[in-house]
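Below is one structure. I have some questions about it.
Chain IDs A, B, C and D follow the sequence of writing; residue 1 opens each chain.
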Amino acid sequence: MHAVGIDIGGTKIAAGVVDDDGTLLASTRRDTNPEEPREIEDAVVDAVAELRGSFEVSGVGVAAAGFVDPTRSKVLFAANLAWRDYPLKDVLQERLGLDVVVENDANAAGWAEFRFGAGRDVNDMVMLTVGTGLGGAVVVGGRLVRGAAGAGGEVGHMRMVPNGRACGCGHDGCWEMYSSGSALVRETRAALATDPERARTLLELAGGKAKRVTGPHVTQAAKAGDPLSIEMLADLGRWLGSGMAALSALLDPRMYVVGGGVGEAGDMLLAPARQVLEDELFARAQRPLPEVVLATLGNDAGVVGAADLSRVLLD
Amino acid sequence: MHAVGIDIGGTKIAAGVVDDDGTLLASTRRDTNPEEPREIEDAVVDAVAELRGSFEVSGVGVAAAGFVDPTRSKVLFAANLAWRDYPLKDVLQERLGLDVVVENDANAAGWAEFRFGAGRDVNDMVMLTVGTGLGGAVVVGGRLVRGAAGAGGEVGHMRMVPNGRACGCGHDGCWEMYSSGSALVRETRAALATDPERARTLLELAGGKAKRVTGPHVTQAAKAGDPLSIEMLADLGRWLGSGMAALSALLDPRMYVVGGGVGEAGDMLLAPARQVLEDELFARAQRPLPEVVLATLGNDAGVVGAADLSRVLLD
Amino acid sequence: MHAVGIDIGGTKIAAGVVDDDGTLLASTRRDTNPEEPREIEDAVVDAVAELRGSFEVSGVGVAAAGFVDPTRSKVLFAANLAWRDYPLKDVLQERLGLDVVVENDANAAGWAEFRFGAGRDVNDMVMLTVGTGLGGAVVVGGRLVRGAAGAGGEVGHMRMVPNGRACGCGHDGCWEMYSSGSALVRETRAALATDPERARTLLELAGGKAKRVTGPHVTQAAKAGDPLSIEMLADLGRWLGSGMAALSALLDPRMYVVGGGVGEAGDMLLAPARQVLEDELFARAQRPLPEVVLATLGNDAGVVGAADLSRVLLD
Amino acid sequence: MHAVGIDIGGTKIAAGVVDDDGTLLASTRRDTNPEEPREIEDAVVDAVAELRGSFEVSGVGVAAAGFVDPTRSKVLFAANLAWRDYPLKDVLQERLGLDVVVENDANAAGWAEFRFGAGRDVNDMVMLTVGTGLGGAVVVGGRLVRGAAGAGGEVGHMRMVPNGRACGCGHDGCWEMYSSGSALVRETRAALATDPERARTLLELAGGKAKRVTGPHVTQAAKAGDPLSIEMLADLGRWLGSGMAALSALLDPRMYVVGGGVGEAGDMLLAPARQVLEDELFARAQRPLPEVVLATLGNDAGVVGAADLSRVLLD
């Protein structure tokens, strides 16, 4: 049966019809204003109506950045949107006349990779989305880990370094301060500032100014052989691997799926991650080494995962 | 229906009959030689026979320290026993004529607390057993997390401090190097060595020698008001709380259940843990604070949990 | 013989006549524009002329924030001023017709405390100035440690935490990221953000907004008994003590002199520092414990120290 | 004028006649019992008598592992010998009829490198002796830094990692837990234990057993191209460089002189140290990079330095 998936971002929503195999049959978009939750709902209703014009659908899955309660009904808190304890499922069900489930966006994307993407052949998987920050989703025994209050899966805020780098969340040493696009840019700029003779390639890409260096610049320069950029990506990858080793002690997943913009660096990121994961894995000699692979679904993962979750009964 | 639980330790086995409510109806013990797996099996068979003399039982759950494969059949690796990739389930089933499941001992104990002990009213829980080392068990959505290869739940080997204290596992900075009875003793002895004027109470308990100080000495002295001992337990508790905060970012459990010998320090351990958990909890203002409570089943937890697991179908 | 001391700040200079005993006999000020080095020199010349109207002076000592070459002649680099490899001594000597020496401002202030302030009775001392950042001066065997290139004494940029907090200097984990007024404010704001129910006193002082909390607010609230503020100052003090312990392993000074605005918290800062210094001091049982005391000369220290240094021959 | 230098080790003493240029003209040895201080004194007297048979000498310098008071007269505490607050200078002067000075052995060796070895052309230098532990000596402005109580120069016990590896001194995270022969062996063995397939070369040298691997094995294997051994030495070197960066912020020496047995790895150790020193150096762009060089005097440094110090007046 087809389902609609909706991925609510800060300034737009993406919607699509997804079949049982995770194939995205049609998609559409709407621009939205994050300050106006009602406007976002209107956009959802409008997009679903458009898609239902061509497809019969069984339900709707909605993915949003924030904490979603364990019954997948309420948005408890959304980082960039005004919802607080908001019964989004009920509101949308009434307007749409369709079953709706709500899910955290990183969880939805991770679920898509688990069901139809890189993790489709495993039962235990952790998704790590290395974008501006470090998001994630945890699948244990074929089920998404949501947490008692819907606040689970926030891998980026596990502490890696006591008294480490100050994170925007108010704490310090969070994993995303070491393994994210922001970390990559900050570290690269700092390296350029303390020693500007390194990495001419990188500075040229950024128009000669360290302050203009971006994550994609680093990846591009690394692919062109720039030693500093290669080292910066390797550093990020090593922190990824180190956190994976901690997760493996706890959860022992079969696979780590790495997505997000920084993931485009591919093996320049993943090879160092694999090496450190192997070096730091507890009881290395008594267990298989988890796989570390790239995500395969790209930006569609949120829509695909949300749609599929609308068909998954809660335990 | 009643079931038998077996807890295989280094030098003895404990066995008991457990009813549906987790009540231990009868129990027995056998001394064993860890070098002789066959002798351990004989002891299991003998103990089960004794218990079946008085009770009708539906199956047998066996708990052992080590990795157990995902089908709960084979002991992949046992820290203190000679089993390697050993089909313990099949061997015992054939000799007993009863269904058998095998489980890691910390998992079995955690399961008992989840089903019948401190965690019986929650659905998401982490058990932390603070004994000589730091063991644990993770329950997510009412299911025990075992890991893709049966190597999950090893909380004590999550890294807390990069380049931290060298652990017997070959890595460094493992949580159990900061939150375990061994850590407590090591830190206390070091404090006494660098400044012997502190903590006369503690030294008196240990017959005047820092090298003879044990974990129970520290707890006893702390209860008597010894400032160094109180501080040492609080330090351990703070490390516990810090690791709990990391686990909460990932798994968002409702409750942490603290067991093991060091747990006897009670709130001298748990109060600092709660404080740090609150201080370091991600998105503190947007979520409930997890409970931190003592385990209630004591040393019987392994037997009770193993018995109960014999009645739990794998997913 | 009297000497003139000049303390060049970002937007003003302070000048004074100082006698052999470190007494400030007269002082004057000039506003200056940090963008205009020539204007600063004019102000120095003008202020010295004013002071020489009333006193006979033997020479002039000039203190400035930056690296000063080992011969105390050139400003190699100034953080907030435009001088680069600038022969300030020669320029001023020619204009003043007096002997001139140039020194780093933190060194000058530390020298004043060593000669006439808290450290006047010791021979080996480290000054720690806990202001916005963490500055310092090191006196070994009665001599100021300047470094081979004049870049010594930058205690605030010793690394305390690998992969620690990102410092404005481009590196991470610098001591001043943990022991400075900026660190105090950042940590306090973070604590308020993650748990706004703590420290009503503090929030009231700051007009109800965590973002407006300043260092003096914290000190004031701590003196009024606010638990969060007391804890924040104690935390800062513990980091101070931890760094002192490292310095003691290397330099074994008799005394640490703590100055700067945060020093006004007094024993709320120093008591935790002393405790950690004692706890972490290498070979505690085989050596005396260094003293930890407050600076006594306040804001005059730079002028007094610079004046006195004009009378000290280089080795 | 010639002087005699004595280097008191755990089980033997080395003695030699040293001329004004630091040339060792003659030397002799005596076996000694560390439990019998009197026997050590007899051996010193005997060795000096032998050397005076052939040379006229002006005085005697004695180097011993321990804290020596600021007047270079008393051994306050000796790690491996029974002296406590012992007036060694007076005792030996009376028996020898010659001027005697006493100095810490690492300081004596560092002084020799400063006067006649790798550091003979600089004025500010830090010696780092990477042997079983990490010792050192600090020369500032041409003077040896001894500390207010004679406890300075213990670089190996500066803390590098909060809550880091437990050190034999009772504290944690000491530099020597990361940059010493013991650290090298411990880390290498751990790496071999967690992944025995790495480094066949190294295991062959050690007769197939990880527990028998020694520091010289690692150096030898690294020279033969063994990747694990090369990596282990580089790791040690990086920790050296990181500590050097901290020392440079504080003391700004011109040169780091690396001695001790591990120093024999040469650039396999020093190149990574130089790289990290450069990467982590405060204000890198505003100052010269300190040199990092090997010591040149080898095992004679203690004798040569002690002899020379007998000719140096205290300030």
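Rule of thumb we're sticking to: a residue touches a chain if its C-beta (ideal position, glycine included) is under 8 Å from a C-beta of that chain, and two chains touch if they have at least 3 such contacts.
Given the structure is predicted, the values throughout are model-derived calculations rather than measurements.
Student: Tally the contacting C-beta pairs at the A-B interface and at the A-D interface, and name the larger one.
Tutor: Higher C-beta contact count between the two pairs: A-B.
Student: In terms of CA centroid distance, which chain is the most far removed from chain A?
Tutor: It is D.
Student: What whole-number Å value describes the gap between the mean CA coordinates of chain A and chain C?
Tutor: About 46 Å, centre to centre.
Student: Averaging only over C-alpha atoms, locate the centres of chain A and chain B and give their separation in whole Å.
Tutor: 33
Student: I'd like to verify one number: the distance from the centre of chain A to the centre of chain D, where each centre is the average of its C-alpha atoms, in whole angstrom.
Tutor: Averaging C-alpha atoms per chain gives centres 51 Å apart.
Student: So which bits of chain C are touching at least two other chains?
Tutor: If we look for residues of chain C contacting two or more partner chains, we find 160-163, 169, 171, 191, 194.
Student: Show which residues of chain A lie in contact with chain D when the two form their complex.
Tutor: Counting only chain A, the residues touching chain D are 162-163, 191, 194-196, 278-279, 281, 284-285.
Student: If you look only at chain D, which of its residues touch chain C in the complex?
Tutor: 67, 76-77, 122-124, 138, 140-143, 145-162, 169, 171, 174, 242, 245-254, 280, 282-283, 286-288, 290, 315
Student: Touching chain C in the complex: which residues of chain A?
Tutor: Contacts found on chain A: 160-166, 169-173, 178, 186, 190-191, 193-194.
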